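In what comes next, subunit A is part of two complexes: it sits with subunit B in the first one and with subunit C in the second one.
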Partner chain A sequence: MIEVNNIQKKYGKKQILNGLSFTAKKGEITCLIGVNGVGKTTIMKAIMALTPIDSGEILIDGQKIRHDSFEKITFIPDTTTMLPTMKICDAFEFMADFYKSWNSQRAEDLLRFFKLESTNRIGNLSKGSLAKVNMILGLALDVEYVLMDEPFSGIDIFSREQIAEVFTSHLIEGRGVILTTHEISDVEHLIDRAVLIDDGKVIKQFSVEDIRENEGKSVVDVMREVYR
Partner chain B sequence: MSVKFNNRDPVYVQVIRHFKEQIAKGYFEPGQEIPSRRELANQLKINPNTAQRAYKEMEEQGLIFTEGNMPSCITKDELVLKSVREELMMEAVDLFLVSIKSINVPLAEVLDLVQKKYDADNGEVEELT
Partner chain C sequence: MKSYLKLVNFEINRFFKLYLIIMALTVVSQIMGTIIVSKGNMNYINQVIYENQLSVSQYIEENRPFSFQRVVYSEWFTMPIFFCMALLMIYVFFIWYREWFGKNTFIYRLLMLPAERITIYFSKLTAIMLFVLGLITLQIILVPIETFIFNRIVPAEFRTSYPLIDFYSVEIWRWLYPNTIIEFILMYGIGLIVVAIIFTAILLERSYGLKGIFSAVAYSVLSFGILVAPVILSSIYTSYFYPSEILLMELVTSIIVLGSAFWIANQLLKYKIRV
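Right, the complex of A and B next:
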């Protein structure tokens, strides 16, 4: 379980996260929802210790993040982390050098699934292909938790379907996933839990099936209620 | 297999309904093997936990059964299968009655219309959900 407890974060004078708390369980897909600029990416970076937090605590299976936690959790950002001069196969080699949990067989399988060529240069890839490469780099790690920042943004409909297919496959099953989106309709039927964020706080978190079952509401219905 | 899900009913309930419709239609035969939970999640693009929940519920309702490590199958129990068809029929009739009564239309008037429409649309009606 990933526990985010009462975290605060300022960029300069601007308070981005203001006492934000939520949990994400293993075996479930948790979706952070909020408008642009609300701090979703900052939360992910904070979980990965990529940005310091001013106060509060983040625990992964009860422990603070350490150097060896990165064999357990990974972050799929919506920007490229590899050098543009690298070929896809170079990026794979890079990952294999740095991570014990790198599963090269799975990387090859995913490459084929997404119909990409390992000799393509990162710098020459389209935005959609780049997102797919990022996804491969993250999902080919045998980790327990995967964080994904806007996996569907700026991606064409067919690629979205491919990514949705990944979400419903063994590649995700059993892992704990946290993803962010500002476009809920893409993931409405894929996620287990929704965490609604505004003003640096969690304003509501719920199981999407429970809210449909008990209140007959869609995620968007709930958003309309709380963002008014 | 693809299903258009609405966003307000629990997805697992919609999955069960889909199975019931397929059974009533005769698309699923008694004892027929059904996709695994993971295959179903993948086919319908739904969360695997949701597929799991739908199967668990259907097992409890006796719609499907699983023996040991074998794939799940549609029940062979004729009574259950018959009741699925009846249940869907009753639901449709109830829904129809509610809409008819809400606009105060006498039954005799509407039955004739139903007969005509049914004959005219026959064959196409099947796929409407």
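Right, the complex of A and C next:
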């Protein structure tokens, strides 16, 4: 389980995170929802120790993140994390070189699924293809937790469909996933838990299925209640 | 250790094409320079002999022979060396900043590697040192070849010998190509410490932004101050310290500065770095 406990973070004088807490369990897809600039990406980065927090605590299966945690958790940011001069196959080789958890077979399978060529140079790929490569680099790791930052942002409808298909496949099953979005309609049908964020705090977190069954509401309905 | 070696290899590969180009430029410029300077001098000598109707022995009696030093002091020889030095100095900064800026942010990947983050720092430091040593080795190989070419063009009666030991004793070359192992360790040890200080200063800036620039400057000034303190001390209290005492003090301050650069870099990479 990923536990984010009471974290605070300031950028200059602006308080971005203000005592934010939530948990994300293995086997569930947890979605951080909030408008742009609310601190969703900062939370992801803080979990991965890519930005320091001012106070609070983040635990992964009860432990603070260490270098070997990166065999257990991965982050798929909305930016390309490989060199533009690399071919996709070079990027795979790099991952295989450094990560014990790299699953080459799965990487090849995903490459075929996304209809990408391993000889394509990363610098020449379209935004949609880059998002897919990013997705492969994260999902081909045999890790327990996957963080995804805006996986559907700025990409075409067909690429969105392909990526959405991944969420319902065995590639995600059993893993703990945290994803961020500011457009819930893309992911509503995929997620198990929703965490609504505003003013640097969690203003509501709930099981999507429970709220649907018990109150007959969609995530968008809850968002309307909370944000208005 | 395995990750460190892989990262060193990776860093070297990233710069290798440009590195080969600057090596090729050095080779071409220096060898061309050797030929042009040698032939130019010989043409001049032949012209003087022809115009004054001198014999070779008469010319030698009236004019001093020249040595390979003329090549060494020519721009053909020195320019590529200064160019390589300048490029490597820029690369000391570029090796870090390129990870954050540009089309792709590779720093995400580097910081998410399942290895101690200080490995990134050590691999970049090692790569820079290997690039420097590679260029020095190239120069050490080139000088005898150039001397050979010079000797083939300039007949023995018009030249004096220019032993390699003389080459390595000339001012700047003495810095670049130390004569003894102790000098070598001192020069390149100090070079390593300077690069380590710059690296740590860059990480301070990358961790704290604008505030980081001030702390990076303060940190660098303090580190360089500690590093040169024994030399300043010995110049104030002349004949108070034995050379061995100054050397020992320099060694201690070097260890302190290098150790603190590594420690601060490790803390920054672990807890403070931002992407």
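Please note the rule applied: the second predicted complex is superposed on the first by the 228 of 228 C-alpha atoms of A that agree within 3 Å, B and C clash if a C-alpha of one lies under 4 Å from a C-alpha of the other, contacts with A are read in each partner's own complex, and residues count from 1 in each chain.
Here is the rule we use: contacts are C-beta pairs under 8 Å (C-beta built on N, C-alpha and C of every residue); 3 or more make two chains touch, one makes a residue touch a chain.
Note that the coordinates shown come from a computational prediction; the quantities given were computed from them, not determined experimentally.
Per the definitions stated earlier, placing subunit B and subunit C onto a shared subunit A by superposition produces no clash, and the two fit side by side. Contacts of A:228 after superposition: neither subunit B nor subunit C is touched.
In the superposition on chain A, A:13 makes contact with neither subunit B nor subunit C. In the superposition on chain A, A:52 makes contact with subunit C only, while subunit B stays out of contact range.
Contacts of A:74 after superposition on the shared chain: subunit C is touched, whereas subunit B is not.
Of the two partner chains placed by the overlay, only subunit B lies in contact with A:169; subunit C stays clear of it. In the superposition on chain A, A:83 makes contact with subunit C only, not with subunit B. Angle at subunit A between subunit B and subunit C, computed from CA centres in the superposed arrangement: 160 degrees, to the nearest 10. In the superposition on chain A, no contact is made by A:115 with either subunit B or subunit C. Superposition on the common chain places the nearest Cα atoms of subunit B and subunit C 28 Å from each other. Residues 45, 48-52, 67-71, 74-75, 77, 79-84, 94, 97-100, 122-123 of subunit A touch subunit C in their complex. Here subunit C touches subunit A in the complex through residues 3, 6, 10, 14, 102-106, 108-109, 111-117, 207, 270-275, going by the rule given at the top. On subunit B, the positions that touch subunit A within their shared complex are 5-13, 38, 41-42, 44-50, 53. Subunit A meets subunit B in the complex at residues 27-29, 161, 164-165, 167-170, 172-173, 188-192, 209, 212-213, 216-221.
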